[in-house]
Amino acid sequence: MHLTPRRGTGRTSAVTGLAVEAEGLGRRYGRRWALRDVSLAIPVGSVVMLAGRNGSGKSTLLRVLATAIRADLGTARVALHDVRTERREVRKRVALLAHHSHHYEALTPRENLAIAASFLGREGDRPRLLALLGRVGLADRADDPVSTLSAGMRKRLALARVLLQDAAVLFLDEPYGELDPPGFHLLDRVIGELRAGGATVIVATHLLERGRALCDRALVLEEGRLVWSGPAAEVPEDAAAGGPTS
Amino acid sequence: MSALAAALRKDLLLQWRTRAQVVAIFVFGASALLLFSFAIGPHAAALRQHAAGFLWLALLLSSTLALAESFQSEMEHRALEGLLLLPADARALYYGKAIANALQLTLLGVALVPVMVVLYDAGTARLPALLGIIVLGSAGLSAPGTLYAAMTAQARARQTLLPLLLFPLVVPVLLAAVKATSLLILGDPMGQIRSWAVLLVSFNAIYWSLCGLLFERVVED
Amino acid sequence: MRDYSTRPYALGGLGIALLLWGSTWGLLFAPREAYMGDVQRIMYVHVPTAWNAMLALTFAFACALFFLLRGGWEWDARLEAAIEVGVVLSTLLCMQGAIWAKPTWGVWWDWDPRLTTMAVLLFAFGGILALRQFVDDPVKRAVWSAVAVVIAYVDVPIVYFSVKWWNSLHQMQSSPETVSRAFHWPLRINAFGVLLLVAGLIDLRTRLAALRREGELAAPPVVAERATPAPIGAAGGTP
């Protein structure tokens, strides 16, 4: 399944076949295995929901696939590159919306995006930065220090930063977390647009209803193991119920 | 724009935006100079003799605050990780931060000189040379200091760990900078400043390269 | 896992035996040094301690390099042991230096370049031991202490040279080994004695460190069946 390059900036390349494949992934934190023997295959262009209770390993899995942390066991290839040996190549093609929003408190949203743009080699593209901020609803706060923004607005900034990267594969970790209802709709729209553009999106969330509506497939993690995989519409109701807080 | 330029620009912007903290650190350094003079007592000759040592001690103590501060903003929301994932070259991020820290320490050092002149009656006419020594000493503190600041910002007991690790390491910098500054203040009949400057340059050459190589291991998982 | 059980004790035992032999000879029976008298006898202990302290810290440096370049938890365990033993020896060395300096020069510390360098190393490596205490994640702890050891060790010649030059401007102090000549046999015996003792201690301490690491890190999970097993770095070593 071929994928046309995303619009304009040429940072991404055509990706064929599987966007993400993993075999036997394991990751421990001291005495605890956060991921155990996770194997999966995600075709290009799909939108996948990653469900599971708090502490089930969703964040860890996303971070391993995004090369933020290393796997202790197993292999994975994301966007056709090995996460262990070709980290830089993987990073050029993926974007991670993490629990920590990767911003500088003392700087403004515009400045934060400009910094990211400068490392992406696109520091001259000022109009695009403003347009992105407008798209996520931060246009009128673009020049206020992030320390003055609410949690929801910081999430929107993080979203803008992720969109800036024009990634072929996106990992969104609890993106609905601090957002308000307009923010929910924004995120739904963004995911829809990403899908239309041919990107692969993996969304970790425990909002099962939303996931069922938005996503093609779902994966359920429990205590670090992949316990269920199938069409998103059929994800079992108890996939995100209760459990220990992480 | 190269990655190094982008990193340097980012760090200078961050420093400018948090410049109130630098003022506070300067006040800390100046207070230290004042307190050191109490350790000697109001003996003008003795104060003048030891002025160089106290200046560099004050700068060394201030550096622990400044260096720790430089990674506070990188770690609180994992901004550094965000940059590494773009991807940004870890080495460029190191050099940007280390250069910005060296500039900040130079500024602090230069600002403390008038305090030293007033409290210790210790001045020098050779201002360019003094600036050179301050630059070399600040760079020598910044190279390993930036690496250790990145490390300790992720550990417990960070305020104690940074000076604990840094101080023994920068003994050569302290020795050389104090001797050179002292010679500038008290006179250098045998022309020894050059040798101390060479020592500082060598330390800098070794540590700026070594720490640049090792930085990635410290910040990546 | 290999059975270490007797090796460190054998090494240590042999080392102590040699030390007893060499020390008795040097401290009681070797000829009295004409210039300095009996104080000089401390050299039979001081010089071996100095050599072995540097040896232990050099071994630590080698372990750090091996860990950073090749990975493997065994290098981290050896690193921990080598740093600890090196710190203990450095402490002893500084104490011996003070014991020698007081009757000789009238002060406890004479800023001898070699001894002062050891004191700085003592603080540097002691700081790295503290670093290990304050980092909970075993992988980070291993990588960071290896990095810190490399940085500290590279500093050794620089510190030595700068202190030597700094000191030479004042007065020419001397250390036990430059002034007095030793009757070399007890010295050599003691040197080997300390070497074997140190090797035994490092061996034993490495084993302890390895056991602690095993307790900290969970074993790989039991897997029912696997299509293409590919465990990488099962011990969690860094590349």
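Chains: A, B and C, in written order; residue numbering restarts at 1 for each.
The criterion applied here is as follows: a residue touches a chain if its C-beta (ideal position, glycine included) is under 8 Å from a C-beta of that chain, and two chains touch if they have at least 3 such contacts.
Bear in mind that the values here come from a model prediction, so they are computed numbers and not experimental data.
Chemist: Name the chain with the Cα centroid closest to the overall protein Cα centroid.
Modeler: B
Chemist: Which chain has its C-alpha centroid farthest away from the centroid of chain C?
Modeler: Centroid comparison gives A as the farthest chain from chain C.
Chemist: Between A-C and A-B, name the chain pair that shares the greater number of C-beta pairs in contact.
Modeler: The comparison resolves to A-B.
Chemist: So the centre of each chain is just the mean of its C-alpha atoms; given that, what is the distance between chain B and chain C in Å?
Modeler: Centre-to-centre distance between chain B and chain C: 30 Å.
Chemist: Using mean C-alpha positions as chain centres, tell me how far chain A is from chain C in Å, no decimals.
Modeler: That gives a centre separation of 48 Å.
Chemist: Centroid of chain A to centroid of chain B, CA atoms only: how many Å?
Modeler: 39
Chemist: Do you know which chain B residues sit against two or more other chains?
Modeler: 221
Chemist: Residue numbers in chain C touching 2 or more other chains?
Modeler: Each of 136 in chain C touches at least two other chains.
Chemist: Name, in rising order, each residue of chain C that touches chain B in their complex.
Modeler: 68, 120-121, 123-124, 127-128, 130-131, 134-136, 139-140, 143-144, 147-148, 150-152, 154-155, 158-159, 161-163, 165-166, 169, 238
Chemist: Going by the contact rule at the top, pick out the chain B residues touching chain A in the complex.
Modeler: 1, 3, 6-7, 9-10, 13-14, 17-18, 73, 76-79, 81-88, 221
Chemist: Show which residues of chain A lie in contact with chain B when the two form their complex.
Modeler: Touching chain B: residues 66-70, 87-88, 91-92, 95-96, 98, 100-107, 111, 115-116, 118-121, 123, 145, 161, 165 of chain A.
Chemist: Using the touch rule from the top, collect the residues of chain B that touch chain C in their complex.
Modeler: Listed in rising order, the residues of chain B that touch chain C are 144, 147-148, 151, 154-157, 160-161, 164-165, 167-169, 171-172, 175-176, 179, 192, 195, 199, 202-203, 206-207, 210-211, 214, 217-218, 221.
Chemist: Using the touch rule from the top, collect the residues of chain C that touch chain A in their complex.
Modeler: Interface residues on the chain C side: 136-138, 216-218, 220-221, 223, 226-234, 236, 239.
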